[in-house]
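For clarity, chains are labelled A, B, C, D, E and F in written order, and residue numbers in each chain start from 1.
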Amino acid sequence: MMPVAVTPGSKAEILAEALPYIRTYRGATVVVKVGGEALDEPRLASMVAEDLALLGLVGIRIVVVHGGGPQVSQAMSAAGIQPRFIGGLRVTDDDAIEVVRRVLVGSINPDLVARLNGAGLQAVGLSGADGPLFVVERALGPGGEDLGHVGSVTSVNAVMLNDLLARGYTPVVATVGPDPNGRPMNVNADPAAGAIAAALDAAKLVYLTNVEGLYRDLGDAGSLVSEMKVSELEGLLPQLSQGMRPKAESAVDALRDGVGKVHILDGRVERALLLEIFTDEGIGTQVMA
Amino acid sequence: MMPVAVTPGSKAEILAEALPYIRTYRGATVVVKVGGEALDEPRLASMVAEDLALLGLVGIRIVVVHGGGPQVSQAMSAAGIQPRFIGGLRVTDDDAIEVVRRVLVGSINPDLVARLNGAGLQAVGLSGADGPLFVVERALGPGGEDLGHVGSVTSVNAVMLNDLLARGYTPVVATVGPDPNGRPMNVNADPAAGAIAAALDAAKLVYLTNVEGLYRDLGDAGSLVSEMKVSELEGLLPQLSQGMRPKAESAVDALRDGVGKVHILDGRVERALLLEIFTDEGIGTQVMA
Amino acid sequence: MMPVAVTPGSKAEILAEALPYIRTYRGATVVVKVGGEALDEPRLASMVAEDLALLGLVGIRIVVVHGGGPQVSQAMSAAGIQPRFIGGLRVTDDDAIEVVRRVLVGSINPDLVARLNGAGLQAVGLSGADGPLFVVERALGPGGEDLGHVGSVTSVNAVMLNDLLARGYTPVVATVGPDPNGRPMNVNADPAAGAIAAALDAAKLVYLTNVEGLYRDLGDAGSLVSEMKVSELEGLLPQLSQGMRPKAESAVDALRDGVGKVHILDGRVERALLLEIFTDEGIGTQVMA
Amino acid sequence: MMPVAVTPGSKAEILAEALPYIRTYRGATVVVKVGGEALDEPRLASMVAEDLALLGLVGIRIVVVHGGGPQVSQAMSAAGIQPRFIGGLRVTDDDAIEVVRRVLVGSINPDLVARLNGAGLQAVGLSGADGPLFVVERALGPGGEDLGHVGSVTSVNAVMLNDLLARGYTPVVATVGPDPNGRPMNVNADPAAGAIAAALDAAKLVYLTNVEGLYRDLGDAGSLVSEMKVSELEGLLPQLSQGMRPKAESAVDALRDGVGKVHILDGRVERALLLEIFTDEGIGTQVMA
Amino acid sequence: MMPVAVTPGSKAEILAEALPYIRTYRGATVVVKVGGEALDEPRLASMVAEDLALLGLVGIRIVVVHGGGPQVSQAMSAAGIQPRFIGGLRVTDDDAIEVVRRVLVGSINPDLVARLNGAGLQAVGLSGADGPLFVVERALGPGGEDLGHVGSVTSVNAVMLNDLLARGYTPVVATVGPDPNGRPMNVNADPAAGAIAAALDAAKLVYLTNVEGLYRDLGDAGSLVSEMKVSELEGLLPQLSQGMRPKAESAVDALRDGVGKVHILDGRVERALLLEIFTDEGIGTQVMA
Amino acid sequence: MMPVAVTPGSKAEILAEALPYIRTYRGATVVVKVGGEALDEPRLASMVAEDLALLGLVGIRIVVVHGGGPQVSQAMSAAGIQPRFIGGLRVTDDDAIEVVRRVLVGSINPDLVARLNGAGLQAVGLSGADGPLFVVERALGPGGEDLGHVGSVTSVNAVMLNDLLARGYTPVVATVGPDPNGRPMNVNADPAAGAIAAALDAAKLVYLTNVEGLYRDLGDAGSLVSEMKVSELEGLLPQLSQGMRPKAESAVDALRDGVGKVHILDGRVERALLLEIFTDEGIGTQVMA
């Protein structure tokens, strides 16, 4: 996008326009789930990090949850493991979980943390093991298939997140966590972000995705919904794409559990986060309780 | 000034550009002296209040010090008292001090406080009597003339200001304060702001004035200085105008006492504060230690 | 009053007699409404300030609310505005509210603050605008008359008062405050004191007046009541004088809202506050829930 | 002493006179050593307790140190042990130390604590063992005689006293404490009070005794000194009585170690403490650094 | 008991075995009542002190309550007072209460405090008078007999105990306390310990006694119970010995009031406390709610 | 090692013997560097985790720093990268650093964190990126060779570690950290542990290694040193093995920078940490400042 030539005066004017939004969200907790795609491209990753930092620096309590699907698939291929999915969930055997956590916890997470710190935050990378931050129970596939080291979050350590937020740190969460026996399990970042948002009574849960938002009619680009009620979203669930389903289901759960609003934004749009939070021209889809 | 038509994307871009400045000044203490002229025009007053609120909401610790010369002169005339100045200081007899504090403490201060609260802060109006916030010693005119209830600040209660700042309140100071016997004295707001900035070890002291800045050569509009050292400012002192002299002298004192930078800005320029603090296009004059 | 000649020993004995009362009220919140009359005479004003300071220094959490009727009327006359009352409420047009707040906020309040600080407290002057401390809704006259900038308190910012009290400051409140649009409104100090006492769950609300107390029979000086129940006071309301009615109604409301006791004292009696709180010889009228 | 008949008004006047003294000493630390004689007579003991409570309730940080000589001597006689002194120090063998601590720690201390609590404080009894509060090294007689369980304080646990004072408790100290091996030792309360006052940087150390004060000329009742410098007191040391010597020496040490003033008062005078601290008519002798 | 020869390795192994128990009880409140018998023999007293210190140093919040029956009886005999009991309660006239508190408060308490401090704690001795810690109401004998200064605890100052625990001090309580008039009363330490445990919501209340535990059949050594329910203990009450009855009744009350478990241990067994709390081989009797 | 049969009594006795050591090190900061070898064998890793947890639970402030050399070499081989070392430093090109941090941060670190949490701590995994915890500057080989992503710690964020310790979390540090441009760098864990210990003013720095300790004469097993001065260690530096040199140099630096003692222990000995810290039979080599 070409920045238009703006005079200093109009720059300041625009800053001033952000005032009511800063006022509204200052001190609120916002959980942002960033998809692996956004982090795979340096320019996008850098921009998302700057936007998150800006939110943090104006007083919003940010918790970042990230995925890393493409990076994991690539690393598995490099290691000679064929990625396999059942019902949208990655089948994760003993070798695969090792690849998963090395990529998510050892590579993507510290990269994002470093970007956020470079942008002015004091970010701290966490995975479920730390504290522990969350505990995972093993999940089966839709037909009862054994998926290996795959599970869903059963409890979140909100005290630990609030401890860190209260002292000015920004938690950045990779969604690998221990089962009750301490064995690492792979967790889909979409519902994990929802569980964390619910545990923190977040004002907003934002999904930064690689689609423009939710469509009423999947094949019809003109049917993008800019705002809907949670009940309407529930009705749409059956017809959603494989990738959108977990986000939408997690959105429904989070809204039912007390999260204020869920936003589904296109992370590839420049400054999508800032546009959605600090200007009247919201983009993407916003779902309300 | 005409706001140019900007796309949502460029709006967000501009917000993002403010990030490095927010990062730099977050948590820093900035004392802003607002002249009576700026407060006399509702549109300007409202804009200055919004700009101050924005600074406060992004984490800058703001202390506002205000004057009220035109409003005082007008009230004195209405009360049949002829304003009189010696060496730039208002001669203030018993009747006059009553008018001065009624206008500054009873009218201008609560108006500014209400504007700031309307813009999202928790502002609290103070004058020297509160606490007391500062103590005043009687001053004489340049030729030893008796000026009546006129004095200069001899000590500032920084503990009280920090108490309020730490609990999230924004102090707004009218510069009338008690002499050691508790009698109210009129204090020039320019050096009072400097004394407060020095007592707080402020990162910045900003004078919002009704001139564009400091000129190397008073008659030559082209000699506006955008940046100078304190030593250079000291050399300019003899040739400055009556109105600029107290600001410049206070700036020199404040810089010598540990304040980081002093800015002299034109408060009539829209968003002058935001431009100076949040963009690269600084306006006015900046003096460094 | 002639101080009797007392020996050092009896002095100490009297101090010791205050012990049980200090024990009882230490840490309790007491709201004292001081009438404008008491503050109009320097000797009385100084004595009231010393008494308030003594209460504060022995550990009572004091909030002072002051009026200023005579001073306002005088300033209005000086400005050529004829004071006018409907149903005991001052009709306050745009010019009048400016006079009202200049006198209350700009003159009486800092004078009282300075006296209290001189007596050993760390008093801080406040009006409704600060914080804001309270919000006002416009009131009409008994017959629906437009009274201009006149209203009643609809909410009190108890957090702010408790913040100040907890850090050792004594709030001194002038009862001018903003309506929801930020415009200044004149509020009768009697019900304002009651609203503040109720918001703070005060142990006592004291009205320092210029009458000896409440009379059962208005014309009969012998019918002064030293103690009554709130229900009895409600019965007396119709027959009270114009000046006493707002105090009595506010007393009833405050007692219904949880304030422990209301005292109506003669502020012209030397040391009335100390006598009432620290000796067995209570004076004036005490109303209990 | 006969309390004179005073009117309510003069009572309040006297209370008001205490204001400047309350202002001065509020928050200051005052160590008061109470002799065993004062505690042996219920009426005196009760009065001293009330005076101490009054000091505590107006915000003075009180630490009480008590003796118990007469009570110990009486208990030793009852147990068939002949009290014996060398150089003013009680010879204390194994049986005697048991009597000493039972009387001081088990009887006098809880009685005084109960009286202070009855008067409104939250007093907590301590001896050197608690914490430990202080450590004692064995002392010899002036001619090198073995005195048994007798020693002097070598270090004071100021942190513990400040912990208690900060949470609103009033420490009441019996001067029996452990030697480095944990064996109980008898310590003269006069120097122990001095050591405690020095460790706390007390503003005042007060000795409540059974004499009127210090005399320049021991035999001459007219030579009572109301005020002297520490250097003058040092000159007087050789001629002081056996009972006064330890107080005077401890006073010199305490003043050299930073205590503000030492007062030697007649505890048999009613309200001696209040008179000295809250009125201009100081009694007894005051020694300044 | 002969310590067996163990290698360094097995030592460390045993330390490591304590880990799960440390984990479980860290931060929990445990009230330990130590009988006078255990404190009467230096070797036992020293060992109990070390065990208590170890519990304290690994993070258990310990409150110690001690008796002193044998020592009191001996001191009364020495003073020519014949010990007399009605229904297990010591008849305590004016002379006797003086002996009781001198022994408990002045001798046993500071000895135990000194031992605990020597073992690494910061113990602080308390009796009911301090604060006051607890208030006592006079009790009568089973047949309504006047027992003199004998009573039972009616309220416990848990705030004060928690204040001390929170700042790292270990309270050591002698069970003499004031009646509502401040007169000292003798309280059986068994129910006093129960009342304190209940007031603190303790996880455990431990009685260190001089018997092996509770027997189902008093005459049959083989009927020692290692574990029972509170309901079963209630059934056993009528057949218990005079010495065990108060412990058992207090145990029932404490368990009904929310204490987690009550342990009755033989304090003469070496390291009984450590064995019970840190190893699987619990000894004595454990009663559960 | 065969646990000898010990009676419950001797178990308790051994626990009691640990008391003086618990007393000494409670509240002290101890940095423990655990080598990758110890973590590579589940039984050893589990035992080390339990020992670290025991230290943490008795009140020692533990910071764990871990290596992972064998695991990294194995992963590099699996990825077809030939491990290469210059002067003991691993040459780390772009591909290699990715392997290094995936293994250290994504695999070894969360495994150790999970073990510690399973043993009762609240461990939190960190790498240099978090906060950032430390900043790294690029290092060259001994002959100036380019080593790629290899560096040494130039500053440690002690505030962040103390924040976590103060709130009860145990930091577990993987020694990969950002250079000033945010690029990940591999840091030898031995000097990193030393730098962290120095920044925290640690009482102890412990190296858990796979040798018995330091030898005076490298070839002579009988020359194991149990205790030496830092000056003696400096003398030994030239003759130390490649693996021991960084530990020894870091030990010298840490002791010069204020760390109390450095211990070099054989992590393969069962309970080595407990033996060294809690018993008299210290093992390995201890170096004192």
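Assume a residue touches a chain if its C-beta (ideal position, glycine included) is under 8 Å from a C-beta of that chain, and two chains touch if they have at least 3 such contacts.
None of the values given here were measured: they were computed from a predicted structure.
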item: Same-interface partner of B-C, chosen from the options D-E, E-F or C-D, over half of the pairs matching; value: D-E
item: Which of E-F and D-E has more C-beta pairs touching across its chains; value: E-F
item: Where chain A and chain F are represented by their mean Cα positions, the distance between them in whole Å; value: 35
item: Chain A and chain C, separation of their C-alpha mean positions in angstrom; value: 56
item: Gap in Å, rounded to a whole number, between the CA centres of chain B and chain A; value: 44
item: For chain E, residues that touch 2 or more chains besides their own; value: none
item: Round-the-ring chain order [start: chain B; next: chain C]; value: B, C, D, E, F, A
item: Chain C residues touching chain D - in the complex, by the definition given at the top; value: 1, 3-4, 6-20, 22-23, 26, 47, 50-51, 53-54, 57-59, 119-120, 269-271, 274-275, 278-279, 281, 283
item: In the complex with chain C, residue positions of chain B that touch it; value: 78-79, 98, 101-107, 109-110, 113-115, 117-118, 122-127, 129-132, 160, 163, 167, 169, 176, 178, 182, 184
